[in-house]
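Same chain, two partners: chain A is paired with chain B first, then with chain C.
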Partner chain A sequence: MTRKLFILLISFSIILFIGSYFAAQYLNQKDKIEVTISVVPQDSKITINGKLLQSNKIYLQSGKYMISVIKDGYFEYRKLQEVNSIDNQISTSLNQKPEKTIGQLTLSNDYNLATNIYPIIKHLPYDSFLVKIAYSPSSTLSLFSIDITAYEGYRKIAVDKIKNWGYNPADFDIKFLKYENPFKL
Partner chain B sequence: MVKNNIITKFLLITIPPLIGFGIFYTINQSSIINPISNIPSYNKTYSADAGLENVSQIVASAVENYANQDSSESIEKRNQRLSLFFTGDSPVYKYEQKNINPPISRSITEVNSINNIESEGIDLNLLVKTTITLYEGNITSKINKNYLISLTKIYDGTMTPYDIKESEL
Partner chain C sequence: MKKYIIIISSILILTVAGLFIWNYLSSFRDVIFSINEPGLSVDIYNKDETKIASLSDTKTTLTLRDGGYYYQVNSDKMDKNRQNFSVNKSVLEVIINPDYSSNYLADLLSSQKDEIIKIIKDTYPSIINNYNITNGQLFSKGEWFGAIIERKTPTGDISDPYKVIMNKQDGKWLIIHYPEIVATKYNFPEVPINILDKINNL
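Let's look at the complex of A and B:
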């Protein structure tokens, strides 16, 4: 076999090989509906019947499918969807979950995450007879604040306590709350 | 000699595309998702703690569908069944079928009770007590198993099963 003929045969074979890819695709997509799924945020994961999709375009037979769109920090979109030649577009935007409060994080497995970002949490709540230092109940990882409950004259004690722990009080959003007399009946 | 040459040329042209077609066709076939053919209805009886009326049915269905296992069922079919009850990111799709170690080939589950256990945040944790019938050919045996199931809130506010594990409680 001459070299020229061999190259010709191999080239012809490669062309047929590429053609076989399109032939296989055509056979698999035959009698199916092209379904396009548009989601926001765009990097959400889409599953159909528990199977993760690699792209947002898929060929499906008409029928019912459990469509799920997931992304961390967002509520899952989930729907039993009828797919047919008319209903072949699915679009949704995910709603963000409320951020967990520091209180929720410290009670869960995320305690280390919270203390890594705000090591002062390890000292809180601090409660002496004169001052009380605690993170605000509404504190989250993105909005962290400290409540100091003390008489005006004793507020400095609380601030000094934070300094003693090795932190700069100016780094925190500190709220001074109204002090209540512990002897009050 | 000439005949051999013709055969070689023929094989050079036909074999690579045929192999390619086979590979591409198989890859595409594995990505095919079949529609859900039947959606099971649920009308069995079980006891549930007060306040769980809205979630008890999906919880009972989820636990039964998880614990119902069949060695003849493909992973894809099983995941399709589970996807009706569990969230799309549930780890349940990767779990092994623990109820059907050979020679046991099938397990059928019935939920007896659903109880609330303490949970934090927007999630809900429940304890589900079941009776499972194990099939070993024509021989059957019954065991009791408890499952801890966690539910999470989805976009429309409904609580949906996320994860499940066996519990010693």
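Let's look at the complex of A and C:
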């Protein structure tokens, strides 16, 4: 008898729990509009009125909502969006931020990241009387280049300096400033 | 009790011995050696400089233990410098494709030098008379040429040495990019990095 009662109680609890779940869902969706949000990149964080969404589908009452989409390396999308039975699809693509320059990285906490990838940065800028070697101001982690400023005859010395530091000049995009290649037709 | 200790100890000893044997046996692998130059014979040495095989077939499979090795070719035509390689689970094929020896490349160049110089002069007719072309060398299997082009200067003045790189395509020499002070993988993307290094060190 006790065992039967126990099984009955457990079954009742399970049914009650499942029923409550569906009832809550029904109440949550009642008189609301299903709004689908699609964003690129797909793994962006979406918030509506500051509440983080767990899926790209949400039930909202008609009205205006502050939609925010964020992802590292991209500009934030933020818009006060009217939601109603017609306007129930929100889609946006985030615009990528320009990559940080090496100069910005070396001035921030990312100095080690930059020097791990391009250890030569530790030697730069190098400025002697006749030769100046620096990373290009537009250099980024994905597009690194070296600017050399030197008089005729000393440009090779600058290249040799890079060799002396233990780096292979052939591995770098080297640009000579204030210089014109006489063989460039 | 003593009996159990003996049994457990025996199991432990056998397990440890088994692990050692398994570890030893699993460090041997079949390595395929492919010789790309017909008629070439190659000696394989281990890191202790002991010759372990001589190969002459285009494809030979040797069972080698993981570790460092090197090979040397037996031909005056080819570069006899030792070429290191290692055997591990990710290296199961060694392609033997040595460059020509520097002497052989120098012989090859002597018959082509005039043609190469003429192409350089014809490409830059307005300025080349002010420059000297020096240190010309062939590389790899004679399909790459590099030289220094340096401005003639009054005694005491210095100038920038330019690197010119040419490639033989369909029997014809081509300047693949105008000469540069430094040859990099950015201004000469078609040129293998080992050739760039050699030309930068001319």
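Here, the second predicted complex is superposed on the first by the 156 of 185 C-alpha atoms of A that agree within 3 Å, B and C clash if a C-alpha of one lies under 4 Å from a C-alpha of the other, contacts with A are read in each partner's own complex, and residues count from 1 in each chain.
Basically, a contact is a pair of C-beta atoms (placed from the backbone, for glycine too) under 8 Å apart; a residue touches a chain by one contact, two chains touch by 3 or more.
Owing to the predicted nature of the structure, the values given are computational and were not obtained by experimental measurement.
Enquirer: Go through the superposed model and pick first if A:F172 touches only chain B, second if only chain C, both, or neither.
Expert: second
Enquirer: Please indicate which partner A:Y21 is in contact with in the superposed arrangement: first for chain B, second for chain C, both, or neither.
Expert: A:Y21 sits against chain B, while chain C stays out of touch.
Enquirer: Under the stated touch criterion, name the partner, chain B or chain C, that contacts more residues in chain A.
Expert: B
Enquirer: Touch test for A:S142: chain B only (first), chain C only (second), both, or neither?
Expert: After superposition on chain A, A:S142 lies in contact with neither partner.
Enquirer: State whether A:I48 touches chain B only (first), chain C only (second), both chains, or neither.
Expert: First partner only.
Enquirer: Per the contact definition in the header, classify A:V69: touching chain B only (first), chain C only (second), both, or neither.
Expert: Touch status of A:V69: first partner only.
Enquirer: Between chain B (first) and chain C (second), which does A:R155 come into contact with in this model arrangement: first, second, both, or neither?
Expert: The answer is second: A:R155 touches chain C but not chain B.
Enquirer: Common interface residues of chain A with chain B and chain C?
Expert: No residue sits in both footprints.
Enquirer: Residue numbers of chain C touching chain A in their complex, please.
Expert: Result: residues 124, 127, 149, 157-162, 178-186, 193, 196-197, 200 of chain C touch chain A.
Enquirer: Report the residues of chain A in contact with chain C in the complex, numbered from low to high.
Expert: 145, 152-156, 159, 168-174, 176, 181-185
Enquirer: Please give the residue numbers of chain B that touch chain A in the complex, ascending.
Expert: 5, 8-9, 12-18, 20-21, 24-25, 27-29, 31-37, 39, 76, 79-80, 82-84, 86-89, 93, 120-122, 152-155, 160
Enquirer: Per the contact definition, I'd like the list of chain A residues that touch chain B in the complex.
Expert: Residues in contact with chain B: 1, 5-6, 9-10, 12-14, 16-21, 23-25, 27-28, 45-51, 54, 58, 60-66, 68-70, 75-78, 80, 83, 92, 94-95, 97-98, 100, 104, 107-108.
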